[in-house]
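After this come two complexes, each holding chain A, first together with chain B and then together with chain C.
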Partner chain A sequence: MTEFLQHIVNMLILGSTYALLGIGLTLIFGIMRVVNFAHGELYAFGAYFVYFVSILLGLNFFLSILVAIVAGCLLGALIEVVLLRPMRGADIDTTMLIMIGAMIVMQNGEQYIWGGVAKSVNTPFPQAPLVIGSVSVSWLSVFVFFASLALIAASYLLINRTKLGKAMRATFQDRDTASLMGVNIQMIYMATFALGSSLAAAAGALLGPVYVISPQMGNIASLKAFAIVILGGLGSIGGATIGGFMLAFAEEIGAGYISSGYRDAMGFLIIIAVLLFKPTGLFARAERIG
Partner chain B sequence: MTDKKKFLTVFAAAAMLSASFATQGFAQTIKIGVNEPLTGPFAASGTYVVNGAKIAADEINAKGGVLGKKIELVIEDNKSNPTEAAAVAEKLITNDKVPVIMGAWGSSLTLAVMPKLLEYKVPMIVETSSSGKITTSGNPFIFRISPPSSVEAHAFKDILPKLHIKKADFLVINNDWGRGAAEDFGKVLKANGVQVGYVETMDQAAQDMSAQLSKMKSSDADTIMVTTAVEQLTLVLKQAAALGIKKQIVTTGGSQNPDQLIDQAGAAANGTYHLTTFAPWFPDNTPDPKATNYFLGEWKKRGFNFAGATESFRGYDGIRTIVAGIEKAGKAEPAAIAAAMWDVNFTGLNGKIKFEKQGPAGKESGQSIPNVYLIKIENGKIELPKL
Partner chain C sequence: MKRYLPWIALIAAASIPLWLHDPYILNAFITTGIFIIAAMSLNLLLGYTGQLNLGQVAFFGIGAYTSALVSLGFDVELIGGIRVVHEPWPVWTGLLIGIVVSAFCGYIVGKLSFRVRGAYFVIVTISFAEVVRLVALNWVELTQGPLALTSIPPVTLGLPGLGYYDFFSKQSYFYLVLGVLAISYIIISRLVNSRTGRAMVALKENESLAVSVGIDVTSYLVLAAVVSAGIAGAAGGLYAHYLKIIDPDVFLFLYTVTMVIMVVTGGKGTLAGPVVGGLIFGFIPVFSRSFVGPELQWIIYGVFMIVIVFVLPEGIVPAIEKWFASKDKSRMPESTQAQVQDAS
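Right after this comes the complex of A and B.
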């Protein structure tokens, strides 16, 4: 029982960060129809940015995270304007190749600038863990959990309660009609990509200090994010959130009680099952095609 | 012939001429292939090894080289990927015509290269890999200077009583190296009356090991044996501390890089034990203090991070072993070097380098038996515990 409680706590923390990763990707994919292979690199970018600002420039840890999120937002906007805008209307494979190119450039850029030795970020949190009964968790993880939930809630409100969000949802449902109704599609695309990127950077900024920061950290993040989006369904924030927690649950329980060697396989087994029985994902939103 | 065509012909002729000069120029050197991970998850370690190799090459060339020729390292990146490692070996052998190779850091990388060595009959000095399979699968072109897990585990036998282990769980990287270590150390533990509990694995790229560690937290074992490279080890120590695990942690495999652990895992590294094959913190306790001090001095002079020395010394010793082999062979040809490797006998930074035969009769691989040290991290410092 003790062990089970510890697994559940681990799962909640892991799940919150998976959800954050998934939301950014699902928005971009859902609204823009861009398969963003560079998502993991924006995650790595956020982590390196926190390292740069907090360790090398000596800024406050919490401020550094905010700065990294803003930087991720700006980088996302830049990528959209420079790489994606000229390719508007190109088919999904073409933009996918562009994003794969962006991923390779960014990952090698990280290796070039920072070298292959992993970096770590010291945080103001105490090293001694928070212990409640038999369950133990680091203070940093508690902070990451609540920060992730706050960001997920903020994204949800942005999409569902603001005018910008309404325009995004309209674009998702039917781009041409939205455009005819006076929605500035260019602006919506840029905002979507910037928002998705800033969420990836936020996940990296929060998780970089939990793990270690290396040029390859984006690979596994991308993989998980895609899995979560497939699980949750396209363009659905709620789906990505639940998908994130489900993946974390499968991995944690799979590794804890079945076999740690197949930890990553557990998550993908669920995805295969979902694709077999509900190919649109568990929580796909209705969309009108054409 | 138009002017343009004439120009092209002259240009082509000139290019060919200069190319042939270039090959002539290179013929004055002896090439040594270096097949290491310079990008990918093992980039940091591979780069350290290459930097160590360069120190050896410069030292040897400054003393006049070998057989009257300078040596030239042909360094290729295997991208931490077994498929690439095999391709790199083929490129080094067929394109660069190297008579001998050093590589390929990880066990899975080395195992992928081995069929190429058999195919082209070119010897390789294995400087880091520790999977037992490498020297027992009947590849006579393999000469290993790093200890396989079994040698490490054997050395661990004498240390064992001092650590008061009753039952141990294993957490190992899920590849040839990690699984091999769990098997070899498990055997030694069982033979010495220590129970073996869970054997859990972690994916090479995994960052979150709390599921495996939570399981171990509630087991009745008093010790966790961990085998992986420094990045993942940092995470294991931090996550074990976050889970409030107070068990004894012993790491194996020689790629722990204790200085980086202290730097990045902080207090979580305190009280942990590590089996290493080189002790740069205590140069006077190494087998050849003069060579150790020279190497560490050069390493520092070149501005490299001291933390890399526990990894880079293998590159340094690897190249020195190869050159010793070429010298014994009297010519830089693959077959002659492979035959001469059996006569190599000198003191490396981590003990005597002299190859013993391992594997099936008639096609044995060479295995040198280096020293193994147990160090402890205490209050952010590295200690050589008196056991």
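Right after this comes the complex of A and C.
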């Protein structure tokens, strides 16, 4: 039982960052129909940026996370304008190939700049963990959990309570009609990609200091983000949030009770099972297979 | 002229070991040849049926591991205490069994994953490859996990009454790879130029229309997946017995990406495309390794891929064909004028 509670606590922390990753991708994939292979690299970029700013430039830890999120946002906007805007209207495979190219460039760029050795970040939190009953959790993880929840809430409000969010939702439902109603589609696409990228960078910036930062960390993150999106259904922030926690739960339970070597296999098995048996996702609103 | 081009290329390739004695370059030719075979298998799905299988490396790796394990032998205990012992078999049976097992996996994966299309198909296939990689990494009893399968025997071919022929030297392995490449090329060209191939192209161009005229889409897709997986398995087997060591890194996504870059650059949906693309990307490392590290080389690959998609979305081979066609067309008016004059 104690063990199980510990797994639940770990699941909440991991799940909150997975949710950020998933929300970013579900917006990009849902609104732009771009299979964003570079999503995981933006996650890794966020983690490296925290390392860069806090260790190499000596900035405050919390400020470096903020800087990393802003940098992810700018990088996302840049990728959108340079790589995706000229290819507007191209089929999904074409943009997928471009994003795979971007993924390779970014991943190897990280390795080239920061080297292949894993990095770790010092945090201002006390080393001694917070102990509640039989469960222990580091202060850093507690911070990560609440920061992620705050970002999830912020993106929910952005999508559902602002004019920009309304324009994004309109574009998701019907691009042409939205365009006729005066929505600047180019701007919406750029904003969507920038927002999605900043959320991925935020997930990396928060989770990176918990573990270690390596060039390979983005590799599997993209696929995990896809698992979350597939679980949660396309374009749904609530779905992606639940999907993130479900994936984290499956990983924790799989690693804890089956075999830690197969931890990362859980996400892939979920993808395969969901797509084969319920291809519209568990919480889908709209028709998805096209 | 165009009809004889593959034969001229084959003869030219067959002459390489006669005049090329640099073992490093010959080695590059062998590994490039193996990757060209794999890229051809990917092209059958991507170029002719339009399905982007980003898990192609799974079949390559399954072929490699199966062939290596059949020829090395293994001793594993399955769940329930069932013990499976396998004595080493001759290498050529390993290669054949590797192809069969790969093709069978292609059948299963095809049957299951062709229920979804587009982005979802891509994601299912990547997930499959990652699961296989994790199995290879974690089933240490069978695969040695990260320690890798080592001392994989080289290919020998026993002919009854004629003794053994071995492929120890680089020269002979070059001809083995070239032979498999030629056979794969012939299989794929026969397939895509048949009724089946036309059905595949029809469903790539317009799936609902193809269904409406009575083409059983899924069975053609599964057939393509089986042939494609079998050929990828053959390439994997050749790879394992050439390197004589194989570890779970053979399943890395980057290898699939390499195949995709080769196919897209050369020209998807053309027979020559993977060969041209494969030669380009097989030899970039040969020339670039003296002045750039592996990261920079990958960055070049990535940039190249983006540039190709932007500038030459069809690939090199179709662009060359188009250029020749336009040259023919520009000559046409004179000859037709001449004909008109003759007639009058």
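One rule holds for everything that comes next: the second predicted complex is superposed on the first by the 284 of 290 C-alpha atoms of A that agree within 3 Å, B and C clash if a C-alpha of one lies under 4 Å from a C-alpha of the other, contacts with A are read in each partner's own complex, and residues count from 1 in each chain.
We take it that contacts are C-beta pairs under 8 Å (C-beta built on N, C-alpha and C of every residue); 3 or more make two chains touch, one makes a residue touch a chain.
Since this is a predicted model, take the numbers as computed values, not measurements.
Considered on the superposed chain A, chain B and chain C are sterically incompatible, since they clash.
When the two complexes are overlaid on their common chain A, residue A:D264 makes contact with chain B and with chain C alike.
Contacts of A:L275 after superposition: chain C is touched, whereas chain B is not reached. Residue contacts after overlaying the shared chain place A:L63 against neither chain B nor chain C.
In the superposition on chain A, A:M181 makes contact with neither chain B nor chain C. Looking at the shared chain after the overlay, A:P86 reaches chain C, while chain B stays out of its contact range.
In the superposition on chain A, A:I132 makes contact with neither chain B nor chain C.
Once the two complexes are overlaid on the shared chain, A:L157 sits clear of chain B and of chain C alike. After overlaying the two complexes on the shared chain, residue contacts for A:L97 are found with chain C alone; chain B is out of touch. Of all the stretches 27-35, 81-89, 279-287 or 351-359 given for chain B, the clashing one with respect to chain C is 81-89. Overlap of the chain B and chain C interfaces on chain A: residues 108, 111, 219-220, 261, 264.
Across the interface of their complex, chain B is touched by residues 2-3, 6-7, 10, 14, 108, 111, 115-118, 120, 122, 127, 129, 131, 136-138, 140-141, 211-212, 214-217, 219-220, 251-256, 260-261, 263-264 of chain A.
Only residues 29, 35, 83, 86-87, 92-94, 96-98, 100-105, 107-109, 111-112, 219-220, 223, 226-227, 230, 259, 261-262, 264-265, 267-269, 271-272, 275-276, 279, 288-290 of chain A touch chain C when the two sit together in their complex. Of all residues in chain C, only 50, 52, 112-113, 115-120, 122-124, 126-128, 130-131, 134-135, 137-138, 253-254, 257, 260, 264, 293, 295-296, 298-299, 301-306, 309-310, 313 touch chain A in the complex they form.
Chain B meets chain A in the complex at residues 38-41, 43-44, 46-47, 174, 200-203, 205-208, 210-212, 214-215, 217-218, 230-231, 234-235, 238, 241-244, 260, 263-264, 266-268, 305.
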